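Naming follows writing order (A, B, C, D, E and F), and every chain is counted from residue 1.
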């Protein structure tokens, strides 16, 4: 069988963060980021969904080796963020305000170089069931 | 960071409705709408997902001020439909058969004028876990 | 194998209702029942969970024939409430304010006579994901 | 109302399968398919989501008669796979390694001829909450 | 209608925490608490379920005024923990290692004095979908 | 803090099975077990919830070392059933009709000897979202 199939792998991580811009006044941080700028932080059970796309291999019936995607997701992203403080513990988020938007873009940049060229289609991050973002590398 | 990020806000409302066309016979309404045309109505816990799209603001890391989206969603849509009868209580559904399709299009029209121009990407309405629709304004 | 095992069957129904007491003033109904007393009603996707308990039959490995529980649940409860208005369409709720509490007790009374004696353990009704009740016949 | 609305119907089926290629050695099957190539099989509660797209009919407010989509989904797909072994019981999967990718493409081919021309938009299959695929017929 | 009905209200909060005992060595904290003792903390989307029990009031059909339970839950618990750091921001957790067990017991103590006497039945706290605890005041 | 706290750990496994009694005729197996007696089997994504109960340790705030419970659950149960055929691959289910009831009792017997004495409170097995059982060792 041929044609493009989109394959998604979903995983979870638990992390803390604080939304704020160090160049803003406390008042402005509170106004823009609300409770999310609590000085001592807060946290979430995040969900990440990584989608790759391409034609299934006729021999295996797989678009990609999903074990490889899981390994890349674990080694290049989850190992850095799970049970961590996103403001201080994560090299690839240094100097970045850890909004869900910025986490999704950073995840894409961590994963794309290690996934078969041209197959990474989107990264979705759920901060809660009610707030989530998607980035497609465009 | 730049590029387009899709940001979704999810909310819930509980409402009753009856599907029928007053110009149809009772038999035809029953045939087309089945149990959904029960004369005294029935109801659902609806879920709405509103997606906006654009580049994250470099200063805040936000595509839009999600507090504003929540406020628009509350004031322009949820306040009219939550704990209401969609056939008789909702000005913007007057004369409209409240199918999930029609509710999604109506929600788009209620929200679009109050969300930053060009950023509203889609509205999804779940009538149940097993039935849902999406409208992208096209 | 012996010992007591609790077996639960879960199902869904969509219904409308209005919470109010006809002997109360409109003001008192609004005060007690809030948005739930909207005169034209509202609705929910309800979930019901029926639990039976007993020792598994050594021959079949079943506590009860769950096909029988499904049939009783369908014929004695779901057929009366699914896609209905709980205030006016349901004989066994006539004169009853359809709070989740009262629906659970009514469901127990509908089901108990038709389930093997002594095995009905509890009935749970979820009005939403965030509001649910349980009744154990005591 | 006009414009394109995407309407999705979701359903479930429980099936067993074994991932392997009969032309591979046992070692190669184990290497590629891991635990999924257990000789006696394993199984899943699969979820299928079928999306059709088009303008809502002005008279009914429906994109398509969803009762028809449910019937096609039942008769052309679920009746063949629910409570079955995907390797041996399903005519339209004969000779196909039942990866989620291949099941999604096969489901599209089963459904498309029986759904109003041009309206089938996508088929999604969830093998678990954490692994799912989408096929859009392209 | 009489008999005991159990009524549950569910809510969410997002918080950060670090599990550790200041009297333990770093090694012992790491051994006992694993990744949960990351010095800069991590976080969760917690869910709390509060169950009250009693006979439904014959006039209202309510076991308790659930609006009152929601208000107590908000004012006595959620207002202190949502978008907070459980190790440093919460007066009633001062000096307490914020395990899920200890949070549940603390929640009970916060709520019980403000809920009608004898009706509080249990408090459940979900740290993730896969880890949760229940406390019944015994 | 003292008092009894119930702590639950949830995990998943994917397995195939066929419900039948080899001493029954094919007709009787079909009549009692319906689609579940398909000769080539079918399968499920099962969920298991293991609950232990006791007073939290004053030093750690833990009822038990949940890492130990996870390890026992993995080594004594999941390692035998995940990605397996429950009728033929599992030593502790040999000769047992793999109904959800029987799987729960077997899981209890596998786990109880390796969990701190007297703390195992219940085992719940979900075959699907709509069918689940609980066993408390009584």
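Just so it is clear, a residue touches a chain if its C-beta (ideal position, glycine included) is under 8 Å from a C-beta of that chain, and two chains touch if they have at least 3 such contacts.
Since we're looking at a predicted model, the values are computed, not measured.
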Could you tell me which chains make contact with chain A and chain C both?
B, E
Co-neighbours of chain D and chain C - touch as defined:
B, F
Same or different residue numbers at the chain B/chain C copy interface, by half rule
same
Mean-CA-position distance for chain F and chain A (Å):
33
Suppose each chain is reduced to the average of its Cα coordinates; what separation in Å results between chain E and chain F?
28
Whole-Å separation of chain centres (CA-atom averages), chain D against chain E:
41
Where in chain A do residues touch two or more other chains at once?
129
I'd like to see which chains touch which, written out pair by pair.
A-B, A-D, A-E, B-C, B-D, C-E, C-F, D-F, E-F
Which residues of chain E touch chain A once you look at their complex with the stated criterion?
12, 14-17, 35-36, 38, 40-45, 82-85, 88-89, 128-129
Can you check the complex and tell me which residues of chain C touch chain F?
1, 3-11, 56, 59-63, 65-67
The answer for chain D against chain A in the complex is residues 19, 21, 32-34, 96-102, 104-106, 129-138
